[in-house]
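In what follows, structures are represented as structure tokens.
Next come two complexes built around chain A: one with chain B, the other with chain C.
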Partner chain A sequence: MSGYLLYPGCSMETSAVAYHDSLAAVADLLGLELREIDDWNCCGATEYLGINLIPAYALIARNLALAARQANGSRTVVAPCSACYLNLSKANHYMRERPILGERVNEALAAGGLHYDPGSVHIRHLLDVLINDIGLERVRDRVSRPLAGLRVAPYLGCMVPRPDYEKRWSDHEHPDELDRLLEALGAEVIDFPLKTHCCGGHMTQISPETAYELIRRLLQAADQYQADMIATVCPMCQLNLDAYQSAANQHFHTDYSIPVVFFTQLMGLAFGLDAEAAGFGRELVSARDALDRIGLPRQAPEEGEGATRQRRPRKPEGLPMPTVPGREGKG
Partner chain B sequence: MLFAMIRAGMRDDALRSNTPWICVSCYHCVVRCPQDVHIADVMYTLKSMAIRAKLYQDSTAPDFSQTFVHMVETYGRSFEFGLATRHYLRHFPLKIPGMAGMGIGMLKKERMHLRPTKIAGMDQLSAILARAKALELTA
Partner chain C sequence: MTSAQEDGNGRRLDHRPRIGVYVCHCGSNIAGTVDVAELRTWAEQRLRHRGVVVARDYKFMCSSLGQELIAKDIKEHRLERVVVAACSPHLHEMTFRKACTQAGLNPFLCELASIREHVSWVHTDRTAATDKARAVIAGAVERVARNEPLEPMHVPVHPATLVVGGGIAGIQAALEIADAGYPVYLVERDPSIGGHMAQFDKTFPTLDCAACILTPRMVSAGTHDNITLLTWSEVEKVDGYVGNFAVTVRKKPRYIDTALCTGCGICQEKCPKKVIDEVYESGLAYRKAVYTPFPQAVPKYPVIDARNCTYFLKGKCRACEKFCPTGAIDFEQAEERITLEVGSIILATGYDLFDPRRVTQYGFGRLANVFSSLEFERMTNSAGPTNGEIVLRDGKTRPETVGIIHCVGSRDRNFNNYCSAICCMQSLKFAHLVKERTEATVYNFYIDMRTPAKAYDEFYQRVLEEGTLFVRGKVAEVTETARLPRETGRLVIQVEDTLAGKQRRIAVDMVVLSAALEPRHDSADVAKRFGISCSHDGWFIEKHPKLDPVSTMTEGIFIAGCATGPKDIPATVAQGAAAAARVLGHIQQGQIELEPIRASVIEERCSGCRICNDLCPFGAITFVDERMLTEINPVLCQGCGTCIAACPAGAITGTGYSNDQILAQIDGLLLRALDVPDSEPTLV
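Here is the complex of A and B:
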């Protein structure tokens, strides 16, 4: 298998450094060769497209042009971040579908001495590459510490399965790729009904109350299914559910304490890495209790650990949500 | 409702609507629309038109987008610490004490940097974006 080009995205270097580190370790163990695109820039997230169209696409296309130039045999760009994956595939798709847009973007790129032929690289999400290129057999072969007894809620968020320009996913609202991967690690995977619902995205900055409501729904559902952990593929989802969990708790007078980790961290654990090498310890809602449950040796104690022990949530006071069949009224 | 206003030619009312600003780009509407309307992209267009016509009612979301873009145009990367600090100071100053714990947590876990990262090809990116902006106006 030839290597892949990696577009890490800004979050991987900051808030999602656990994703970055665990991906590097796991890729090594699987023999997945990832070469970072040199001097890549931000994809614009969900902000730039709401301001100017041509500059937004030109910003994205600079990365595509750099990737095509660096390709050297591997024409597949892997994006681990959902918004990056969406934006790169969106520009690739629309520049090809709408030649006028493609021409204008290339006119802009020319000012920087660059050019991009739409479609000359393929944009794929990391999960897609792991499932369809590496394959679950190879993943299973690598597992030395099955995550037996760990109940995991698989959480994809929005921008990986939708709008799916390249038709890569099994379903837009209930895809099963992440479930199958986590099952291959030996985890007990719950059928998470909100797996592609929104985490609030940038709403934590614009309308915090709106974001807290979306965060609460996800935490409540995971709690109702008695998940030990939420496993996500997206830096934004991880940030919102983890870093804003305490703000959402405060807002709704709830007491959720559900660790939110990247799926690559669980791969690392199952492949036998110690927790720290798999990026654990970076989460604000500690995953230590959950790791105890699968008999993982404890790392050095963290500061303020006593205060974050798992507690049972009080009854939430937000809007009513559908409950799990057979568990009505247990909220 | 919003689409009915657009079809009825109620330009200013459509641009004043808060719908595009509350849209989080979850793309549920896009995959469910039986007519294959790219609704999320329509929302982006409405946002940019509203910013240009200064027809939004609440400036929180437009300001956030513009601050984000300003960071990207300066460094070539997003800069969360600068963005969040500037945005909260301007729009939610009273909420800063409540968010301080989270910010300190992120700094302690080394998940937020106090200084931005700048790409090497900043001049190239600036030239591309300047040309793109000129093209946008002639579009």
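Here is the complex of A and C:
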């Protein structure tokens, strides 16, 4: 495939600059050609669809119409942000499934001289493109500094694997795409049970306590599994877990300190970029300690934090575990 | 009395036979959607020039009175052909053919027009349905005018029976037939008969020991004079037809000379290679590379698992051979193919357990203390890997709390829509066994409790009284993530308690997943091999789901047990016995009447091109070299029509399905025939 149309979404230019910069760097190294959709607008995020359907879909569909017009060779729109990905997919799906909705939206688009035939572009998440088009082999080939010793919790959030309109994900409850990608970078990937749970989304604005509880669950689980870092694919998830970590700590009298980074940042690091070029330093809960650890992979873990680390035994004794085809040896 | 004669085009009749048309109301089944009175008048008037001399409608044509009506008309109106517009021929063709025979008309001069299954049941618009019924009747009238009187064929039934599958259904069927004095071949692909039932410790609701009730049957099957046991064998090919099947069985090499082996077990003791037993132990324990699956295995002879045996993999070891006291190990053994002549076949091939890994949110395969139902059956079995002790995956810790999740892979549109029928009772049994053997608190997470058979609900009451806790709701997920100190190091079940109307988190030490029963992974292939049908999800299809649950649409092939759908042991045994009764009926009749629907070659048209020769699925076609012609053996021919369609010269014709008959029927269906005056060709 010659290239993809990129729908960056608003966050990439504001809270998720680290995602934006690391993606640009990584795409370069992998030869992933991303052409930004000209004159794109906000997808409406999570709220607008709940308020007024037609304007909300029109807002989304404007981007699809622009993409379809710009499509030249590639008809695939890549969205790095999960909310954008879900919104674009939804519009693509429901404009076809509910023809009246499609008509009304196109009436609105006509005011701007645009038209969109649902289904004329494909919407894919960045992770899907990296795994299925670029492929783990190419990713592995690029790795010059394996992230050995870094325990990472792969966190997809709730909007990527469901409802999966184009049937692209391995599983809706426990997909393993991000796990496999991070493993290819040489990281030690934990089997994160909450990988598709909600981060609270915009509940931080509406009902902070609800959001704090959801944030706490994720931090607590990552801590329980002794993760050095949480790797996300979504600006919303990153923002909530990172920026509201101290608020959640205050609320629950906890003291979690778990850096939350974008998976492309870890790719950048593994591909040999220095931390700054990979977008590190922008996170509020600093990833520096964890980075130091892999910067000196041969060095014994410092006492204190490292020494208390208890790894689960590799081979459990007693009754054999059910065998899992293709996933042997995963802890 | 052949009244139909062909002209050059093959569709003109010199003499149009006298036809009676009988429209059935089938209560309101047909009359509710189709205007039956109108059909009768129409047939009488508009089909008169097509030979119809009388038409009637009646509430239930299949009743004795309805049949008498037809018989009376045959005599009074001197009918030469009869069309009954009613249900599918599968149901009542025999009824009306018999009625015609009794009135002196050859049964094959009677046609059924299916205006119930093909019309009234599948349409709602009365006008359109009535129009369609007209077309179906007109087609039958055109066709029946060209039917010829035929005589049924009789074939002898071979008294031997093949039973495929050595679980409790197959064992029951084999014993019933063998006890009646007829020979049975019992084929099983595993090393021993016994099936899933041999894995269980207790059976619900009576809690009888499964082995105590099963092993005597296994021994009887193994020692019965009339039963030839073929374990470690698979059916490869089925030729022939009802009464006379020729079945090719592949006997996999055991690498054990059964004439010398005493079943002492020393080979298993000495074998250095341990592998996880995925079949009998459901992955919960190890076996050796040479093994008998369990101590009561029938036959007692072990097999060498060549895929794991060190000698086969690396070329050395042969420890078993060195230690075998009777020299029974034979690494040179090769697989063998034998052909069995049988008259009937019973398929009792059972089920596979749904793979609970597919419900990823329940963590099977990832979380150590999540067990599948078959793993748990093995764990509770006193001869199992833990000697019946209920312990965690570490092999020693007793759980303080156990959660049993129902409907894993059943009643779930992501996996299987159906109810697996046994899981509620099995889960209750598990709860009872945990209570009996440990001090643990037990939760059952269910969607609906289904306990419909004899003494089942009483067992549910008993388990309730024993203190098992029931939560109604589908479990969302099982994780190891602790939110509260008491959850640390345990499995947390997140569930909506739909009776209390709230979300609950319940921490347990062990989770048991009551997984669905699924069709065997290769059931579609097996169905194809035996020429029967299976549903899209893979269960074998019965001839009739209520009235003929052990027969198939293929004469002489019967089905029993879980191969047709999830079943408990009593239902499985009943089906095994029922299938045996059907087989015995055939055997005792001595011969079976076959429809004389056969293909035959019109010699003067056959060019000897041989295109048809390799197409016949029944091997009925031979080429006669001296005459450069193809011949069809009417006993082997099943009338499938493949050769007829393939013949470029149109030299093969099917009795009862001649081109003439079929084209005339199509003319009728298109109502083209109606507008053509009598004795004129309908098509050019």
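What to note about this one:
Quick note on the criterion: the second predicted complex is superposed on the first by the 295 of 331 C-alpha atoms of A that agree within 3 Å, B and C clash if a C-alpha of one lies under 4 Å from a C-alpha of the other, contacts with A are read in each partner's own complex, and residues count from 1 in each chain.
Keep in mind that, in the parts below, contacts are C-beta pairs under 8 Å (C-beta built on N, C-alpha and C of every residue); 3 or more make two chains touch, one makes a residue touch a chain.
A quick note: this is a predicted structure, and the numbers were derived from the prediction, not measured.
Of the two partner chains, chain C is the only one touched by A:Arg217; chain B is not. Of the two partner chains, chain B and chain C are each touched by A:Glu173. By the touch criterion stated above, A:Gly113 is placed in contact with chain B alone, chain C being left untouched. In the superposition on chain A, A:Ser144 makes contact with neither chain B nor chain C. Within the superposed three-chain arrangement, the count of touched residues of chain A is higher for B, of the candidates chain B and chain C.
Shared-chain residue A:Val105: touches chain B; no touch with chain C. Looking at the shared chain after the overlay, A:Pro193 reaches chain C, while chain B stays out of its contact range. In the superposed model, A:Asn72 makes contact with neither chain B nor chain C. With the contact threshold set out at the top, residues 173 of chain A are in contact with chain B in one structure and with chain C in the other. Here chain A touches chain C in the complex through residues 171, 173-174, 191, 193-194, 217, 220-221, 224, 316-324, 327, going by the rule given at the top. Touching chain B in their complex are the following residues of chain A: 10-11, 13-17, 39-42, 44-55, 57-59, 62, 104-105, 107-114, 158-159, 162-164, 172-173, 197-198, 200-203, 205-208, 210, 214, 243-244, 246-247, 250, 281-284.
The touching residues of chain B, counted against chain A in their complex, run 20-22, 24-28, 30-31, 38, 40-41, 43-45, 47-48, 51, 60-61, 64-66, 68-69, 72, 76-78, 80, 83-84, 87-88, 92, 95, 98-99, 101-102, 105-106, 109-113, 117, 119-121, 124-125, 127-133, 135-136, 139. Residues 276, 278, 283-286, 357, 359-361, 363-366, 368, 372, 375, 379, 385-386, 391-396, 477, 479-483 of chain C are the ones touching chain A in the complex.
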